[in-house]
Amino acid sequence: MSEPTIVAEITTEPLDGGQLSARLCTLEDGAVVVFEGRVRDSNAGRRVARLRYEAYAEMAERVLAEIASEAAERYAVGAVGAAHRTGSLELGEASVIVAVVAPHREAAYEASRYVIEAIKQRLPIWKEEHYADGTSAWLGEQPAEGKAP
Amino acid sequence: MSEPTIVAEITTEPLDGGQLSARLCTLEDGAVVVFEGRVRDSNAGRRVARLRYEAYAEMAERVLAEIASEAAERYAVGAVGAAHRTGSLELGEASVIVAVVAPHREAAYEASRYVIEAIKQRLPIWKEEHYADGTSAWLGEQPAEGKAP
Amino acid sequence: MWDQTPQSPIGNSPSVAASTVAVRVLLFGVYRELAGRPELQIELPSGSSLAELVTELRALPGLERLPERPAVARNLKYASLSEILDPADEVALIPPVAGG
Amino acid sequence: MWDQTPQSPIGNSPSVAASTVAVRVLLFGVYRELAGRPELQIELPSGSSLAELVTELRALPGLERLPERPAVARNLKYASLSEILDPADEVALIPPVAGG
């Protein structure tokens, strides 16, 4: 198997998982796993109207490429692609996609899971939820104490 | 959450995972996992030219719906869709797709994995590999002894 | 152990008309190729099990290579070989599956 | 513990010109809102650590609510608060991330 392909993008454009996986797939790859994270209409019991994602874009692209490369080193995959959207998103729109293609399904699932968990832990992106009642809040999924998460 | 949606199809038409997940997704679902199995150009060291899938179609649609329903009972998901293609497939074409949408990603990944593993264990579908050297062989991934696999 | 001759009318069966069962047998994949055909009609004594049907089938030309205990489906569901056949059952012999 | 006055020229620093470091500090999300701005320029004595930079920042209006030990990045990489600042470093304060 040749060196795995890595794609990592931070973009304000709408995301398309099928398009990303089509770009990555080769005839050696029998398994494709695409994860898509979408804007839900509620969170922690509150009605969400829309979201805004803010990124430290230059760093986030590096970190996303690092995460994808780590997954490609750990698992026997042909390619790992990940993209995160920034700016304002409506309900139902995709905020993140992860596409992994691999000769076999076990590696594809595991690499996919690795990437999305790492994104949630350390991609420098922030989410501001705007609620149906007109208020808004910044979310953070883990404490920011100390050094690198 | 309302009753999960179940889609199960055995078809000779090309499969499209993005289309299937789009049909299933609601605004309650923040996570989408799409698995696609594709025809690889080699298997067990032999060059594959194309595949032919044969199904006991009437039973396979029932079994596929059962599998999808089992996944929807076990995991907190909004919908489970699965489709398997039959007939002749060229290299790179999708033979199977599984789309799961769920409020949260853990359930989406787990249900997706459950469905594809169960498909491989008990969906009454058979695969004839046609090799580059002109020969062909029927594949079977587990012994057929005794009762239901 | 059974042959295809209908059971004697003085057998145990309460109904004379039900002394045999006719089942449709579907064959797929490698089993279909062994038999050289996708479907068979088999008549067996009433009360025969799926295991006994398999024994009959293994006596047919080409099907000697069928496993002694293949996976089977009865009326679209996986079934145990100990199940007793009903008239008009549709039985399928299920080779090792290879979906996905 | 440090103030923003340049270190005395008779300090330990071998080069007089390097007695202070000027760093660019980027603020995101909730930290940006606390500061009321996305970016600051801070001058610190040479040899200052990231922890010392954080102490300086927490003395600024609005940033009192910054955690004592926030996550930080230095030149696009997560960094330990014990790291010593280099001139022209780009430092970012990283609020709890919420990608995905």
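Labels A, B, C and D are assigned to the chains in the order they are written; within every chain, residues are numbered from 1.
Everything that follows uses one rule, which is that contacts are C-beta pairs under 8 Å (C-beta built on N, C-alpha and C of every residue); 3 or more make two chains touch, one makes a residue touch a chain.
Nothing here was measured: the structure is a model prediction, and the numbers come from that model.
Participant: Just tell me the minimum hop count from subunit B to subunit D, counting one hop per pair of touching chains.
Facilitator: The fewest touching-chain steps linking subunit B to subunit D number 2.
Participant: Rounded to a whole Å, what is the gap between the Cα centroids of subunit B and subunit C?
Facilitator: So the centre of subunit B lies 29 Å away from the centre of subunit C.
Participant: I'd like to verify one number: the distance from the centre of subunit A to the centre of subunit B, where each centre is the average of its C-alpha atoms, in whole angstrom.
Facilitator: 24
Participant: Round to the nearest whole Å and give the separation of the Cα centres of subunit A and subunit C.
Facilitator: 53
Participant: Which subunit D residues reach two or more other chains?
Facilitator: Counting only residues that touch two or more other chains, subunit D contributes none.
Participant: Send over the residues of subunit B in touch with two or more other chains.
Facilitator: Each of 37, 116 in subunit B touches at least two other chains.
Participant: Sort out which chains touch which and give me every pair.
Facilitator: Here the touching pairs of chains are A-B, A-D, B-C.
Participant: Report the residues of subunit A in contact with subunit D in the complex, numbered from low to high.
Facilitator: Residues of subunit A touching subunit D: 37, 53-56, 58-60, 62, 84, 95-96, 116, 119-128, 138-149.
Participant: Spell out the residues on subunit B that touch subunit A in their complex, using ranges where they run on.
Facilitator: 16-18, 21, 25, 27-42, 91-92, 103, 105, 108-109, 112-113, 116
Participant: Tell me, which parts of subunit C touch subunit B in their complex?
Facilitator: Residues of subunit C touching subunit B: 26, 28-30, 32-33, 67, 69-73, 76-81, 92, 94-100.
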